[in-house]
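Consider the two complexes below, in which chain A is the common component and chain B and chain C are the respective partners.
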Partner chain A sequence: MAVKSERSSAGRAGLKALYHKELADHLSSRRFFIILLLIYITSFASLYGAMSGISEAAQSDSHYLFLKLYTTSSNSIPSFASFIALLGPFIGMTLGFDAINGERMGGTLNRLVAQPIYRDAIIIGKFLAGSTVIAITVFSMGIAVGALGMLGTGLVPQLEEVLRIVIFLMFTCIYISFWLGVSILFSVICRHSATSAMSVIALWIFFSIFMSLIASIIANAVFPISTDVEALFNSYNNYTWELNLNRLSPYYLYSEAVSTILSPTVRSINVVTVSQLEGAVSGYLSLGQSLLLVWPHLTGLAALMLASFAISYVGFMRQEIRSS
Partner chain B sequence: MKKCALKREFTVVILFVLAAWLFFFFRPLQADAAGGLEMSTDYPGITVQAGEDVDFDLTFTSTAGGLDANLSIESLPDGWSGYFMGSDSQISRAHVEGSGTEASAATFSLSIPEDTQEGSYQVQLQADAGNGASDILELVIDVSAESAGQGSFTSEYPEQQGSTGTSFTFDTTIVNNRGTDQSYSLSAEVPSGWQIGFSPSGESSQVASIAVEAGSSQGLTVSITPPENVEQGEYTIPLTAVSANETLSTELIIEITGTYEVALSTPTGNLSLDAYANSEESFTLLIQNNGNVDLNNLTLSSSAPTDWEVSFAQSSIDTLEAGGSVEVTAYITPSSEAVTGDYVTTITVSNSETSADAQFRVSVKTRTTWGIAAIIIILLLIVGLYYLFKKYGRR
Partner chain C sequence: MDRTIIRTEKLTKIYGTKTAVKQLDLSIRDGEIFGLLGPNGAGKTTTILMLLGLTEPTYGNAFIKDLNCTRNSLAIKRIVGYLPDNVGFYPDMTGRENLYFTGRLNGLEEKLIHERAEMLLARVGMTHAADQKTGTYSKGMKQRLGIADVLMKDPQVIIMDEPTLGIDPEGMRQLLALMQDLSKQDGRTLLISSHQLYQIQQVCDRVGIFVGGSLIACGEIGELGRQVQSQNHYLLELSVSPQDENILGAVRHMPGVEEVTPDGDMIMIQSSQDIRPSITATLGAGGYTILHMHQRGGDLDEIYRLYFEKAGENSDESSSGSTKTHKTISGFGSKIRKKLRRQSRA
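And now, the complex of A and B:
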């Protein structure tokens, strides 16, 4: 028992040391600095766009204006939320694409394994350090955007708006951590970091861009709506299929959930029929109701994140390291 | 010769005494004809109606120089009254100029009681200046069979109709057919809660009594305001105008027509409720009869979004008496397809006469059970991860 507890405390100490080392490596690396710069520039660009477009948005609906700083897009500049949905995964990928195979190629993994630490501390430490960096980035960025928006527009957020923004940022952390998990998985599978980087970028582009095309192609194939008669019978099913297929993409899942959280006017995320809208009056959902609408999304994405990490964990633990 | 002169002087004295005696004793006989005082009126015989007042202008003449005459009533039928008037005040003496010209100085006012029987009556007036200068004037008054003109109190449209909350205005006229001015005090008997006011035509001030000149008429506006909660029905309002001499009365009839009014709300006045999709929610409706008529066969109906179900514990109310209220439980089931957020459902209560509706804002909510399920799923995943750590870690 004494031996075991000693070992476990040594393991914990090892995990802690690894976590701190990884964190320090990330924060001082030039790669992370460049990525951070890129993300900051784009988010301030989106904030600039939102501030120029917010007066127009305020005319149509003057409630929850502060949230519009995050969702309003200008003529050519996408909103902050859509920027993060597109570029956020890039942070995760940058942090994780060479997590394991980089060490392996550099020959440092053997030495690491030779240390008196548990083997799983390596991958857990890398994932936790990456997640921490993601959380720091996302929250600093989100709060900076809010603060600058407050400075530029003079809007003061209400408590509910603050809560919605915090939930949005937490959800963003989960989304980006999912991509971190995926990139660590590829770094476990692929021997070369270039291969894993290419694979994870391919996956990112596929989900961000091609998934919607494929979804509409499949939906049109199953429920064609090319003629009027077909459209009459199939359009509901067609849209539903397209929507559900799109939801396979974490990118879409995240966008949908975030737009629901940041816009209290969103009442349904599914296809709404005319009969459902009959007798409906426009209003705002409470935060709890908005969250209940996108619970499946939140759960799904959290599950994806945990699953991607779990697979990479199992993969790493079963790998033969000495052979390399 | 001397004896003869004495006899002549005695004769003169006797004659003088005789003359004085004659003068003193036969003065009344001489008064009309010759000197002294004469009181007269132009028309000493007149026909009047019982209850009237008559004035006689008296004229005095004197051939015996200016003198003051006491005026008095010698005889008057029972119950009659009269007095002398001069320069607006009652008088008892009158001065008569001695120039022999006529001087109209006084008036005799005579009041004839209403209960005077038909017939001819005599009134004797005396003017007495003393020293044998006096005169008696005899007036003959025929009281005619017709009684004195009774006044009237009429309304052009004595029956009016209106609903609750209406103010009624009646134009009435009081006619004074009597010979004298009358002051009528006005009163009415109204049910409690009613308001009534009299005002002369064309004036806004309300009066409690009104003066009507002899032989003329006076318009009177009667405004009546029934209370708000007056019940349907016919109301008779007797009006009376009482003067010193007569009592006039008339009746006004007001018919309050039925107002049908029903109101729909909830006991708390709260018209919003939370509901879950495909799950029955109950709430209480309050139906009030604000009219003055009992409402029969009230039915409840609803206009809800598609596939919503609205039912009532009691979908019809047989009778709801005036001013009464009833509570009915309603059950609303949003469609299983209902989207989270607010919907409007209109509930209507109606019968053949009236209807009322209320719009309810139904907030469809998502059940928290699915949120709890999601948390359980995440917890299961973490447990799974922990199992992985246990299995593969610690190598």
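And now, the complex of A and C:
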């Protein structure tokens, strides 16, 4: 019994030491500093855009104005939410792309596995430290944008708006942690960190840009809508297919979820027919209802994140540790 | 005193179609320095990884202090220090921070970590560079820090994989002295794998020669040399003045001589016993001057060189002859002879 508890405490000590070291490494690395700078500049640019466009937006709908700071885009600058959807994965990738193969190349991995720690402590420590850094970044950024928005516009958020923003930021953490998981996965698979960085960037570009093109190509091939007659029969199916295919992409999943959370006016995320809309009263969804709408997105994203981590975990545990 | 601390039983590792380690039966005594000598790709690193529980053997077992290396790998890693080849450190941390980190991974008390790190830095002579980032370290400095790193957990067994690679002569001398210290003063057991035999044989109590995944010979160095010699395959290089036909005839008729081949200005004499005393007398009586006389095959350097140069091309031959493990030293001897013959012909 005593032996057992001693063992588990040693394993925990290893995880703790690794977690602290990884965290310190990330926070003091130049790479992370550059990425943070980039993300901060773009988010303040988007805030600037939102502040210049918000008076226009207020004229059409003056409710939930504070949330509009995060979603309004001006003519040339995308909104904060869409910036994060596009650039957020970059944080995750930067933190994880050389997690394992960097250690392997540096000759530190075999020194590490020769210590009396459980092998999974290495990869768990890395993932947890990465997620912590992501959470710190996302929350500090979101709060900074909100604070500057308050100062700049004089708007004061209501409780519901604050809650929606917190949920939005939590979503963002999970989304970016998914990309952290993917990049760690590639760092387990690929021998060189350059290869893993390229692979994960390729995947990111694919999901953010090409997935929507492929979704529409497939939808149009299965349910063509080129003629009027075809459009009459197929347009519902065509649209549903395209939507569902798009939702395979974490980028789309996240964007859809976030726009629902941040805009209470979004009442449905699927296709709505005219007959369904008949007699509907225009209004806002409560926070609970908005959450209900994107609950599948949240679970889907969390599942993707865990799956990517689980695959890299299994891959790492089965891998042989050799120096060269 | 002769307590076995590391023991393997028919340890075997097969990668696909290639057998990296073949039925290895090894036993290493407490407190000795054991040299695992063999060419690259002989399976030394694989054996070490199996001892540390980092690789699972295909079959067979390995034990350190009666702990099964595969099943109790965490307990093993607590008492075994491992210095990998090409040891690396986190380049953005100083040498001291790297040692602290290792101490924390071992779950040591913070106070003990600081004391021990200081003591070890002094011991390996790295105190002056302890606050430099390890990214600036030279290969030799990394190696010394690596040894301090291994000692952080105060291990009973230290396994070093190619520790002498890329170290300058002075560094080598210090490293070897340190190894001896670790064994004789601290009473730790050292297992050193290397293909640089000349250096390693100076400190090893016993060596095992490892080729093609099998242990071909194992024992004290002097004993190995004698065993090799007693297998009646003495080869003498002789150069005399004047060199004429008579001498070949004279030597050929000496007792124990099996074969005499002129080779340039050398004469190669193969015999079943040490003929140096008798040949000196014969030649002296005949008025010959001995210019050069060298017993080949007798010194270990020669054996090593032959083994390691030929190990690659003769891998199937050596594997067929060596499955009988180290007990059958005669197989070893006959092979040496074959190789010597081939070389003398060339």
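Convention: the second predicted complex is superposed on the first by the 321 of 324 C-alpha atoms of A that agree within 3 Å, B and C clash if a C-alpha of one lies under 4 Å from a C-alpha of the other, contacts with A are read in each partner's own complex, and residues count from 1 in each chain.
Rule of thumb we're sticking to: a contact is a pair of C-beta atoms (placed from the backbone, for glycine too) under 8 Å apart; a residue touches a chain by one contact, two chains touch by 3 or more.
Source: prediction; values computed, not measured.
Engineer: Specify the outcome, clash or fit, for chain B and chain C once both structures are aligned onto chain A.
Structural biologist: Chain B/chain C on chain A - fit side by side.
Engineer: Looking at A:Ala310 after the superposition, I want to know if it touches chain B, chain C, both of them or none. Which is it: first, second, both, neither?
Structural biologist: first
Engineer: Between chain B (first) and chain C (second), which does A:Pro116 come into contact with in this model arrangement: first, second, both, or neither?
Structural biologist: A:Pro116: touches chain C, not chain B.
Engineer: Applying the touch criterion given at the start, work out whether A:Ala231 contacts chain B, chain C, both or neither, answering first, second, both or neither.
Structural biologist: So A:Ala231 meets neither chain B nor chain C here.
Engineer: After the superposition on A, what does A:Ser275 contact: first (chain B), second (chain C), both or neither?
Structural biologist: first
Engineer: Taking C-alpha centres, what angle do chain B and chain C open up at chain A, rounded to the nearest 10 degrees?
Structural biologist: Spelled out: centre of chain A as vertex, angle of 160 degrees.
Engineer: Quick check for you: in the superposed arrangement, does A:Ala147 touch first (chain B), second (chain C), both or neither?
Structural biologist: It touches nothing on chain B or chain C.
Engineer: For A:Leu248 in the superposed arrangement: first (chain B), second (chain C), both or neither?
Structural biologist: Once the two structures are laid over each other on A, A:Leu248 reaches no partner at all.
Engineer: Closest pair of CA atoms, one in chain B and one in chain C, after superposing: how far apart in Å?
Structural biologist: 6
Engineer: Quick check on my understanding: which residues of chain A belong to both its chain B contact set and its chain C contact set?
Structural biologist: Common to the two interfaces on chain A: residues 7, 11, 118.
Engineer: Can you tell me which positions in chain A touch chain B when the two form their complex?
Structural biologist: By the definition above, chain A touches chain B via 7, 11, 118-120, 124, 267-268, 272-273, 275-283, 285, 288-289, 291-293, 295-296, 298-299, 302-303, 306-307, 309-310, 313-314, 317-318.
Engineer: So in the complex, which bits of chain A are touching chain C?
Structural biologist: Going through chain A, the ones touching chain C are 7, 9-11, 13-14, 16-18, 20-21, 25, 28-29, 106-108, 110-118, 320-324.
Engineer: Could you please specify the touching residues of chain C with respect to chain A in the complex?
Structural biologist: These residues of chain C touch chain A: 45, 49, 52, 54-55, 74-75, 77-78, 80-82, 84-92, 101-102, 104-107, 146, 149, 153, 161.
Engineer: Show which residues of chain B lie in contact with chain A when the two form their complex.
Structural biologist: Going through chain B, the ones touching chain A are 304-308, 335, 337-345, 361, 363, 365-368, 370-371, 374-375, 377-378, 381-382, 384-385, 388-389, 392-395.
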